[in-house]
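Given below, in the form of structure tokens, are the structures.
In what follows, chain A forms one complex with chain B and a second complex with chain C.
Moving on, here comes the complex of A and B:
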């Protein structure tokens, strides 16, 4: 089908051979540097600090920080994401002495079922976060853009709430992402949790 | 041999004028002018009267735009090959096809699915974007073309006109694959697609021709170890710079004064780069040939 490759009429000289090897080495080096640059930029973090609450949290550098909400201390969102904006949010809920993580998780589930469309709790389990017991709730709901001008289709969102009791209050760490991107974006949440101090 | 060599510059100029390489440059420019005129016409019409292009004609117009560069190139070189008595023509077509296959089967999946520079580069500084595009898009595209040429056409790179034919064919094959994938993936307007076709062909061609200079010098044994890799890195860096500035010109920004003719800016930028880039490549090739002619003149004396 293809014409035969012309036979090599002369062997390569030393400089020709090594010029090719060095070029291949340059290609490999540039490819590796590109990967390193990509990982560095993708996982670049900015630190949020709140002296009032004593919270120090790393979050992705290009995400939008929002501290204006009444029901959260701060939240960060990936505004570059198409569709639903991946969100990490931290709230503080005052608790009594007899309150457990499960109580808070159940209350959150009840509140969310009232406010989120088609809310479904997928799992509830006890976990350990930084040697501290916590309650993790995973759920799904439908996110619908309320603007009549965007004609956006509804999106299935997966969310995770982690409830930790500390110093007489409950720390609720929320992660929400479009269902199709959840596994890919979960690394952001994992790094957030790894660097979180409270 | 006389210590003082008499050099007839006009004779050297005449020998260069009759050189098949000059004819090849003319063919390459014919292809580029056809591409610029066709894409430019669509861009201008799209800017002045966007509704003048019927929606149902847009796909056919897009296919026509991406077919123009390789069609004009192969028609022109077929005529040229008869003039300069080239033995066979199918190897250049095969290089074109293999380049298209390598780009669509290997390079584009890696760039789109694995590296995805658009996801993490768009909000970075200009310097970071230049570095990012150089180390991702440029190196993958140029490496595929370099490896293909090195594997299939290394032996003929001691003849510059064959080198140019293979280089342009491999660049057009890669650009055609890029354009086809972009046509299928994005529901672009004819204006946007015309800009993509022009950029894919011009940017890829200039980089490939710069690398071909290093290949020719290396093949003829006139370069040490470092010329070829340095030329490759320089070509990738140039591509990274051009991609960064082109996307910066093209991406829409709100202007308080009203509509900003960004497609025209991007079109003008690519045309200017085409002229400057081809002039530079022609300059280094002509210098190389003058050196050969002088050396040959000295040896004959």
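Moving on, here comes the complex of A and C:
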């Protein structure tokens, strides 16, 4: 005959119970800390300063800074992203005394319709940026890798241009992102605009 | 090197069978193949093909060197759009990718530079996103040697087959008035070089471009089997004789040396264009049928004129030139010289159909030196647009000549000491012109004749007997002194012995006299013009940078209608523009304006303009802009290792799309890299299969750093990634990324 199995109790001691709580809390804290760190890293900024133009622009850290373009003074791209590289760009356009933001926006549309594939203007509206009137144009186009030796699939890109007239010139602030990621990535642009000085 | 040890799984070398290992390192055939393009000149909205040929990229920004005859609109090739197909895979036919426009052209030399300006669908290309395309390096074609091995690269079919490379040998050189002794390189090849390869490239053992294979279809060929009908051009539902055909030239046996293309490439490189702002007030005579006349042979050429005139040459002759006068020629005319020796066609001395490069009227020569001429009767037959125009027979063989002869006619003005002074071929206006010539083996009382011509009209003829006191050998002077002086224009003297032409020479009268030299152009000055609408600008010899355009203004005097004059522009002592044309303005005037423009403003440099009349340099001026020196183009490095590869996911072993491969320049390590474009040598993004290709060749023994970083994957990086000539070229890499 086997001896009877003693009844077991599920109750934990006080210290055991608190040890569990502390462990769970620590895990939760670490997860939260990880999220915070991740977010901190994600939104970490590097400051671009150009004494010549007076532009100060905080842009996402580890985005590729390019100041060599003929048609922009500043461009950053998220080269670590897969697919289309989310882009923020600043251009300066000379203006006359009669030039309006809308004139510049239309000029950009003319030029982009010549170089961007299936360029389509989605909306144009007047907005206020830092108490300054501006013209905001949202558009879409097809982006493709220009290398003829690779087989990249074209990507639909959403873009936003904000045109501000300042000190006798027009500042064109451009944001472009893959259409499917546009809303997620727009936060980069929002933070960029929030810190932009010109 | 560590990265290669870790990541390079497959490394394939492009090799060419039969090439030594050392040459194979230099001769990067795949890069040359990728730089070779197929060009289709198409017409209208239906893009009907009108002409085809090959071309070669000579700059990374899409500048293509090719022939003019199949790209520039003409009666034979009336298309209005140029489609550029490129070699994506050397084992596959070319793929249409771009459209191009003509950037520079020299119709006579049959050279054109195209610039890729649009995507294949017609959309303008954004220069800031245009990739760096593979391009070829050039070697001085003056270094080419007889019997040197060369390689033709181009397309042999109408876009149906991959790019071909064909081995050939340099068989000789053909001299012409346009370019001297090496106006053409004659070649033979192991197999026929299709006429469609015209405009492609010919390369030396180091893989450097030495010339452009050329074969222009003649008008007669438009009706024969060389004209292919492929498309229903008239839209009648059938392809038949009612449809226009695509003309194909004969198999190629001549190459235009690449040195002729250098000025065009320079001007395209710096986007420099010369505009003539002075409108011609007269036009040339109405078009008449081209013709040639006064064909004769000479053993040598002195300052573009025959040293003497011969009907036979001794055995062992190594130089022979055929001279003729031509009239009503055009750059679109196709001429050909067929040579037979004792009735047997001789390909070495023949010139296959090529574009005419000598202008409208004048005296021309074709021949060669430094090549043995076997004994025999040489019959030269000249064809223009496929129609026989003239012929001439000269005999080679026999003893050294002992017959009386005149030679080496030069012109000038006698100074007070009785010496001939001047430039030799361009004399100032005055009352008298003197010709001096050498005579040999003359005998007393031998009849000789001098005939002077003015603008192709006989002016004076004198017949005389050779005087005893002159002796058998020496120099003699004769003068022309018409009543009323010498009017400006073209002159010629012909010297006959016993009514047989023995020597001849041409000279030009132009400008006022300053000592024995002509003053034709004066008050030559450079002006900086800062606005397109301005007609004059600030004169000077040194300008700060930022000029929109540079203008040369000068006055001219006493230059006759039709006189050939030439403008040559140089930057940093390198010619980038040459244009020779007949004078079409009034005899004298002021304010001739030539303007140099560039879309991005005039680049810094030292600019020189040279003005020639009848081949004589008569004026030269120099100006500096900015720092006085052209900036170095750091991207214009055509040689090195092509790097390409594939980036795959470790788990799935499939390619990852959209990953950036960053090649950091040699001045920075990965730790120094701050994600700034200025620190990057090159970067590439993977395609849908994970494949990438760096669009700039990597230099040997340069320590690059590599960074591959993508969201969702652990980054890879390495410093000191360098390549040696022993590494395969192209170098292929397989990179595996592990998810984080």
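In this section, the second predicted complex is superposed on the first by the 187 of 198 C-alpha atoms of A that agree within 3 Å, B and C clash if a C-alpha of one lies under 4 Å from a C-alpha of the other, contacts with A are read in each partner's own complex, and residues count from 1 in each chain.
Going forward, contacts are C-beta pairs under 8 Å (C-beta built on N, C-alpha and C of every residue); 3 or more make two chains touch, one makes a residue touch a chain.
Here the structure is a predicted model, which is why all the values come from computation and not from measurement.
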Scan A:47 for contacts with chain B and chain C and give back first, second, both or neither.
neither
Which partner does A:194 contact after superposing on A: first (chain B), second (chain C), both, neither?
neither
Per the contact definition in the header, classify A:80: touching chain B only (first), chain C only (second), both, or neither.
both
Pick one for A:115: touches chain B only (first), chain C only (second), both, or neither.
second
Which superposed partner A:62 touches (first chain B, second chain C, both, neither):
both
Looking at A:70, would you say it contacts chain B, chain C, both, or neither? Reply first, second, both or neither.
second
Thinking of the overlay built on chain A, is A:152 touched by chain B (first), by chain C (second), by both, or by neither?
second
Determine, under the contact definition given at the top, whether A:18 touches first (chain B), second (chain C), both, or neither.
first
For chain A, give the residues common to its interface with chain B and its interface with chain C.
62, 80
Which of the residues in chain C come into contact with chain A in the complex?
34, 86, 88, 95, 97, 119, 121, 123-131, 133, 644, 656-660, 662, 674-678, 680, 683-689, 691-693, 695, 709-712
Residues on chain A engaged by chain B in the complex (per definition of touch):
2-3, 5-6, 8-9, 13, 15-16, 18-20, 22-23, 25-27, 30-31, 33-35, 37-38, 41-42, 62, 80
Per the touch rule above, chain A residues touching chain C in the complex are 62-71, 79-85, 114-117, 145-153
Touching residues (chain side chain B, partner chain A) in the complex:
88, 90-91, 94, 115, 117, 119-124, 128, 131-132, 134-136, 139-140, 143, 146, 150-152, 154-156, 218-219, 221, 223-229, 232-233, 236
